[in-house]
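Just passing along the structure, written as structure tokens.
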Amino acid sequence: MSSLRSRIWVLRLISSTAGVLVWLLLAMAAPWLAPHDPFLVVGEGLAAPSWHHPLGTDLIGRDLFSGVLFGARTSATIVVGVAAIVVVIAFIVGLVSGYLGGIIDDFLMRIAEIFQVVPRFFLAIVAIAYFGSGVDRLIVILGLTSWSGLARVIRAETLSVRESAFIEAAQLFGSGIFRTIFREILPNIAPTVAVYLTLLLSRVLLVEASLAFIGLSDPSSISWGYLAGSSQAYLRSAWWIAVFPGLAILMAALSLTSLGDAIGRRERK
Amino acid sequence: MSRYILRRLIQVVPTVFGVTLITFVLVHLAPGDPVEVLASGNGDAAYYQFMRAKYRLDESLLTQLWTYFANVLRGDFGTSYLTGESVVRMIMPRIGSTLLLAVSSIVVSTLVGLTFGTLAAWRVNRLLDRAVLRLSVFVAAAPSFWIAQVMLLVFALRLGIFPTDGRNSPGFEGTVLAMAIDTLWHLVLPMSVLAIQESSTVARLTRTGIVDQLGDDHIRLARAKGLGDLQVVLRHALRRSLTSVITVIGGRIGHVFSGAVVVELIFGWPGLGQLILSSSQSRDTPVLLGVLMLIAAAVVLMNLLTDLSYMIIDPRVRLK
Amino acid sequence: MSSHLLEIRNLSVRFQSGSHQLTAVDGVDLTIDKGETLGIVGESGCGKTVLATSLLGLLPSSARVATHRLQFSGIDLSNVPSGGWRSIRGRRIGMVFQDPTTALNPLRTIGSQLAESIAIHDRSATSREIRKRIIDLLESVGIAGASGRLSDYPHQWSGGMRQRALIAMAISNSPDLLIADEPTTALDVTIQAQVLELLRSIQRERELAMIFISHSLGVVNSIADRISVMYAGRIVESGPCSEVLTTPSHPYTRALIDCFPEIGRSRGSLVAIDGQPPRHIGKIDGCRFRDRCNVGRDRLDCVSHDPVLKRAAGDRSVACHAVVI
């Protein structure tokens, strides 16, 4: 890779990681950073962005800037939660499937297929409607519908790594299954998994935002999508309520995809 | 070949069955009593019991499932818990709208995506190429409702070029052609929102598919024959990358339908989206099941269509 | 004005990739006249394909071409304007590629690909005329029943037939020069002979000049009038084919011949040349073959000076310090 290209790549890697980190930091620090409680009425309704309210206020006068900060917290919580569930399930299923093969492999992949075929969005709508819209439920629902793709990737990688010579060599030296997995397989599949995971999470973020938009988010926590959804009726008079939360989602999703892309490029080059 | 089509059509059934099964189970695992919806809070325990029996909610899950499918095969999708209306009658007028929206966005996005992807590949690494790539990354990261709202703001509210909602202008009457044009006018914005997202994916894929081939022998040969760059791309490289592009479009169909739900809500487009939402929120199970089954069937059928198009493009598949 | 059909003087091709530069062709001199077949022989990686590709301007954008003279029939190939290649490629110079399986587009019929070769250069031809010409072409390259086979796809034809189709495409517009880059390498031995015979007869009938590139001396021997031996980006020996192969001057040529028992005089076990061709051509002092050469390994001039291709007796040239001219 030429030096100019590698410099650009490093820049991209840094900026996208920074983007994700900023998001996480804002999320964690929201209660201290936000000037107001996002649920409290603190100003005039539908006030345009001003010094007091950098992003304006919503219909009943709640500060949008605080809303966006707390929204970061909600979405970060969901994304991290989903990531945890997805990683755990996908690794277990993928490693077992790839390493053991045979009937177990077939069976697990069938199950993965079922989860993959059903459009996540619709399943989530149904699940939320019937089971409630709390953040914890949302995390579970989104997690359960998202693991199958990653499981397949892990399985494929495990399969290819399993066949390589150095695994045989390691086993010749007496490594047990777990050692083989942790020391040989995992480091090799880590980059591919990281790329896939970041892209997956950005999609999850968008799905969560859309669900919140149509009103299926947890009413006790502010969500970017919810803010955008509530703006629908006042679009004409208060465009800021729609634009800013959506912009926040865009930037968060962009950071994730750029990060995944940057990691992926490193592997290719 | 027709046997293959038949085989694939038959495969639609288990998939749709699977989706319905999952939904059915999910719905019945949920807390809460469906009878409450039915009775709308009226009546006493005896009434509840009566309703329960009438709708067979007192039977086991398996029996209910069985009855449901037996009815479906006869064309009876049940009646709404809320309004008592036939589910079929509720769905019918809305199918057309959603299909119109979904299909038109898929067609438009495919055409636009292929065009821009080809142009970007033709002028690889130049301005157009970089612009296409950058833009598609942005678009892919943007929530569809945001794009929809921004477009609504700019084109409908501020500039007033397009209507803000609905499928036809209220109270509009006229010839078939006039009605069609009015519908199209209303269709433009919602379809564009969906199309923008899908076309950026298609464009990126097309571009990559073509660029990956540029070092191949058959491209070298085409150039050695004297073909200019654009012709080489169009006549040789494009066709070969079509299969992967179509595969992805096929895989995105489910996504298009999900996006359509949100878009329909923002633009007041009278399709299945509104129905899904309202039936979910009111726990109107028969309606919900009906709509979901329909969408599942539509997705699977579209997948079949994309598979068939492989045969048109790649002769090697045809003759197997 | 040169009397040769193609004249190359001091052609160099370098590839620039970031901070790396790779020299593929380093100062090559070549001439070819109308109606003659020039064989270019060398190991993989010696630059022969890059040389051929540069004649049609088909090198990737990272390539840098430098030359004193690159004249083809009055046209300066080192300085072709952007639209100018169109009238050269496929029309004045035709090229036959090595692997007919990858060179043909699997998604289009043979007929349409052939028709394309003709239609590009003859806009006024009607489809009927084109069809007739294609059928004649295919039959002239030995494909019987061509009229019924135009709608076949490449995967339906055998390797030998595909190569014939490629040849048909290359000669479809009666070019003056045909470049054949290892045209028989990907084929079975029995088919190889047929295709070689085909090329010979085409060349005779149409008075084509042909550059035949191969790593196999045996194949080149059966088809070339003159031969140029290439090593590490340079021509090291050149002359009439039969003479060079019976009385080779350059140590490398001699070593090559020994590898091919059917032409070589030694009847013992197969001889391999020790070592590998150098990877970084531009950076070597002295003769680049010296590490593998049994003559020049220790000679002072071989170590310090890069030998230049010099005229020898008759029509021969050699680039070697150890050869007395």
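Every chain is named by a letter (A, B and C) in the order it is written, and numbering of its residues begins at 1.
Everything below uses one rule, namely that a contact is a pair of C-beta atoms (placed from the backbone, for glycine too) under 8 Å apart; a residue touches a chain by one contact, two chains touch by 3 or more.
Note that the structure is predicted; figures quoted are calculated from it, not measured.
Enquirer: Across all chain pairs, which one has the most C-beta contacts?
Expert: A-B
Enquirer: Please identify which chain has its centre, taken as the mean of its CA atoms, farthest from the centre of subunit A.
Expert: C
Enquirer: Measuring centre to centre with CA averages, how many angstrom lie between subunit B and subunit C?
Expert: About 54 Å, centre to centre.
Enquirer: Could you state the distance in Å from the CA-based centre of subunit A to that of subunit B?
Expert: Using C-alpha averages as centres, the distance is 23 Å.
Enquirer: Quick check: in the complex, which residue numbers of subunit A touch subunit B?
Expert: That would be residues 114, 117-123, 125-131, 202, 206-207, 209-210, 213-215, 225, 228-229, 231-232, 235-236, 239, 242-243, 246-247, 249-250, 253-254, 256-258, 261 of subunit A.
Enquirer: Which of the residues in subunit C end up touching subunit B in this complex?
Expert: 53, 56, 58, 60, 85-91, 94-95, 97, 99, 102-108, 116-117, 120-121, 153, 155, 166, 169-170
Enquirer: Would you mind writing out the residues of subunit B in touch with subunit C in their complex?
Expert: Subunit B reaches subunit C through residues 215-218, 220-228, 235-236, 239-240, 313-316.
Enquirer: Along subunit B, where are the residues that touch subunit A in the complex?
Expert: Checking each residue of subunit B against subunit A gives 15, 18-19, 22-23, 26-27, 29-32, 137-138, 140-146, 149-150, 152-153, 157, 254-255, 257-258, 261-262, 265-266, 276-277, 280-281, 283, 288, 292, 295-296, 299.
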